[in-house]
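Some notes on the structure that comes next.
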């Protein structure tokens, strides 16, 4: 077990668990329980995450009431709960997946957030926030340019005065580091 | 009448326009900072420490403690109005506050939160003034085994948070507990589950996780059901709760205030655990427990009464012994030291003006908070009528800056976005997110005290230590009781089904 | 005539311009950032803010204290190392940061760091609770022998400065005890006050304002002055090899800062060390103000690094 707790062994273990996750997804999709795919995959993901963490615990020093004890306890309980939920799903005694809404739109939202994160690193907080707010408002179908500009610039001023000047929070400035 | 003499010294500190102005400013800053997700009480106070450095010691500490007490109420505003707890403890307020807003009763919810916060805050301070020293001594006597039992009792409150599926709540709380294990292990010094990254060395911070799980996830969920049609503005009622309604929740407020103060006294527990436990107890005592989670004024009062009164409790170990009981206390301790003061028994003797000045200021701050809150609520409530296309981008912007403000780290921002996705998925499949917060809040307390207890006295301590044994038994029952009730309910439903088939 | 005056002015302006470019070599010309590795209100934060307040006596330079918390100082040190070596950023550090550098796998090379100056040393001390039966060092040793390894000592997290001090003390005194770690000095002191342990390892200043606590022994060559004059040193108690166990605080920046910045800091730190207000602030807590610069400081850092490495390996924290 120690082999799977660090280095190459851990990577192999992680890959194996990821494969398990994908296989579970595929199996559910094709089975008569395809309406429960999401309901099953969430506890499955937690179960596999627990398994990954369980592997890592073998790297900890062994001692009485040592660092591995409590994590293993939580993982054991979590696994038991997840397995029970999966059992109910297989038996068909569980809530079905909710009707899928605009998943693509949510992914767009997540994508914009991730882009915002990287923009802050590169362009700094202030510039990227103005861009982010404008884009996000546009995406959420606000079509009034004056409103978009006033909200973004208003936020810019607010965050500059309150967070940067008053509270001394060193917001990242990115490439503008030397100009402010 | 030593106490009265001391108070006259304390009140004399407050004479003049300067101290009053400082309290008013402190309360306003506290309410606004509390309402801003990311500026939790401890962060808000910490950010104002440098600012207060140049002030007179008494004024500086009055400013910081006023912020501390008001921020716990401030957190409820955003929790009620946009389901985004401004402070960790307001996660409990959101459970009933937001459903009330959805029913168009935001005014009632905010009014109840304000009333409960004011009464709770005042009761907490009274208990602090009257019994600080003896209470602090009692709290010290609690052994690690007792603390472990107390923390487990906190975990048991998960039962009252689950609507429907208890299993899903358990999964959520265990997920929270598991991710709290990431980072350095405070007992052995080993780093756990960090996968070689320094960023994970301190583990996931509570605030970014909280903002992600509550605020960011809501925006994603709204985007999933986005129609593009501007929402028809429902009528927002800014009416305060009626006198009759206030009378109905008076016992809840009193009970929660006492619970909050007591929990606040224990070093390491704090406002969030106080709110969760008080909510759980209030639900059990309530005549209408089925309304909890669907917009119960009692639920809002239970959470707010407890988290505001916990401030008085948390100041007990700090002022009486110089031991910081909460994260905010630790910051306040630093503020005392900056002004060459050391909190503790000697402070009462050497600087009664400061101690009783703080006491008097806290009482005054509560009254000012009530007045400002009544007017402020009419203003805050307008937030609900902001169009969604502007509100959601702003919520995301606040989430990002709030996560960053906690410790000035972009990693926290990334974590906040990640937790936003996790929160969206959890809610999508009917898993509640509040238990994750409970798990993160209690994870360290459960683990550290369990291991400390075993290291000190071995595993037998959990039945030889009477107090720990009793509390453990109670928490065990509170885990099992809802399961049993659920099972019985399930059975009676089945039986009635069978009966109706026979008929 | 007018033209001549104009020429004169232009010449003067150019001359003045030359002077300012010469003066640009001066340091500092803009605000200096002092990085602190805890949030505001932490002990090192108080230290840094006191420093900047008193330093205002000796320089017109503006200091801005910036808190960059995380990973016990690793975040702050890495930040300094990632910045331009222009001398406008430096950080307040303590001995415990060296422990963190070791326990996070030594990804930071101490040779990349300009160890500007150690400003104070705080002796390690064993502290007891006056309300318990075990108060003096002799009682502590007797109790440890009677309990045979079951005596409980409390303190901050395992593998830290104070824990290693406890291990050294047990070895030197020939006793055995258990170390029960808490997530901070404050909580550990609460445990000592509550009677859950008999001794706490920290610094003399921990007992200030807490009349229930008493320093049983201090690691110092000579007795401390002031409020701690009656506290015996380990040597007096017959425990050998614990004459100089300390916690230090000082300043660092990255290597390669300009010579004028180097001179500015060296001058400022020297003046600070002799400042009566600074001395009073440090000495009030039982600590010693001093100034150990560059090479001597680096040597101490390297010694600490070796000691932490050995101790943390023994404890199993690192491999």
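As written, the chains take the letters A, B and C, and residue 1 is the first residue of each chain.
The rule we apply is simple: contacts are C-beta pairs under 8 Å (C-beta built on N, C-alpha and C of every residue); 3 or more make two chains touch, one makes a residue touch a chain.
If you're wondering where the values come from, they're calculated on a predicted model, not measured in any experiment.
Enquirer: If I average the Cα coordinates per chain and compare with the overall Cα mean, which chain comes out closest?
Expert: B
Enquirer: Which chain pair shares more contacting C-beta pairs: A-C, or B-C?
Expert: Higher C-beta contact count between the two pairs: B-C.
Enquirer: Quick one: report the Å distance separating chain A from chain B, using the average Cα coordinate of each chain.
Expert: Comparing mean C-alpha positions, chain B is 24 Å from chain A.
Enquirer: What is the distance, in whole Å, between the centres of chain A and chain C, each centre taken as the mean of its C-alpha atoms?
Expert: Centre-to-centre distance between chain A and chain C: 38 Å.
Enquirer: Provide the C-alpha centroid distance between chain B and chain C, rounded to the nearest whole angstrom.
Expert: Between these chains, centre-to-centre, one finds 34 Å.
Enquirer: Mind pulling the chain A residues that touch 2 or more other chains?
Expert: 61, 63, 168, 170, in rising order.
Enquirer: Which positions in chain C are in touch with at least two other chains?
Expert: Each of 68, 316-317 in chain C touches at least two other chains.
Enquirer: Out of chain B, which residues touch more than one other chain, so two or more?
Expert: Counting only residues that touch two or more other chains, chain B contributes 47, 50, 187-188, 190, 408, 455.
Enquirer: Going by the contact rule set out above, which residues of chain B touch chain C in the complex?
Expert: 45-47, 49-50, 53, 140-144, 184, 186-191, 196, 198-199, 201-202, 267-268, 317, 321-324, 330-335, 337-338, 340, 342-347, 407-409, 444, 448, 452, 455-456
Enquirer: For the complex, give me every residue of chain C touching chain A.
Expert: Interface residues on chain C, with respect to chain A: 64, 66, 68, 316-317.
Enquirer: Given the complex with chain B, which residues does chain C contribute to the contact?
Expert: Listed in rising order, the residues are 39-43, 45-46, 49-50, 53, 65, 67-72, 74-75, 78, 103-105, 107, 152, 157-160, 163, 178, 180-184, 186-187, 189-190, 193-196, 208-211, 281, 312, 315-317.
Enquirer: In the complex, go through chain A and note every residue touching chain B.
Expert: Chain A reaches chain B through residues 38-39, 42-43, 46, 49-50, 53, 56-57, 60-61, 63-67, 69-71, 74-75, 77-78, 81-82, 84-85, 95, 97-98, 101-103, 105-106, 108-110, 113-114, 116-117, 120-121, 125, 129, 132-133, 136-137, 140-142, 147, 151, 155, 159, 163, 166-172.
Enquirer: Quick one: in the complex, what on chain A touches chain C?
Expert: 61, 63, 168, 170
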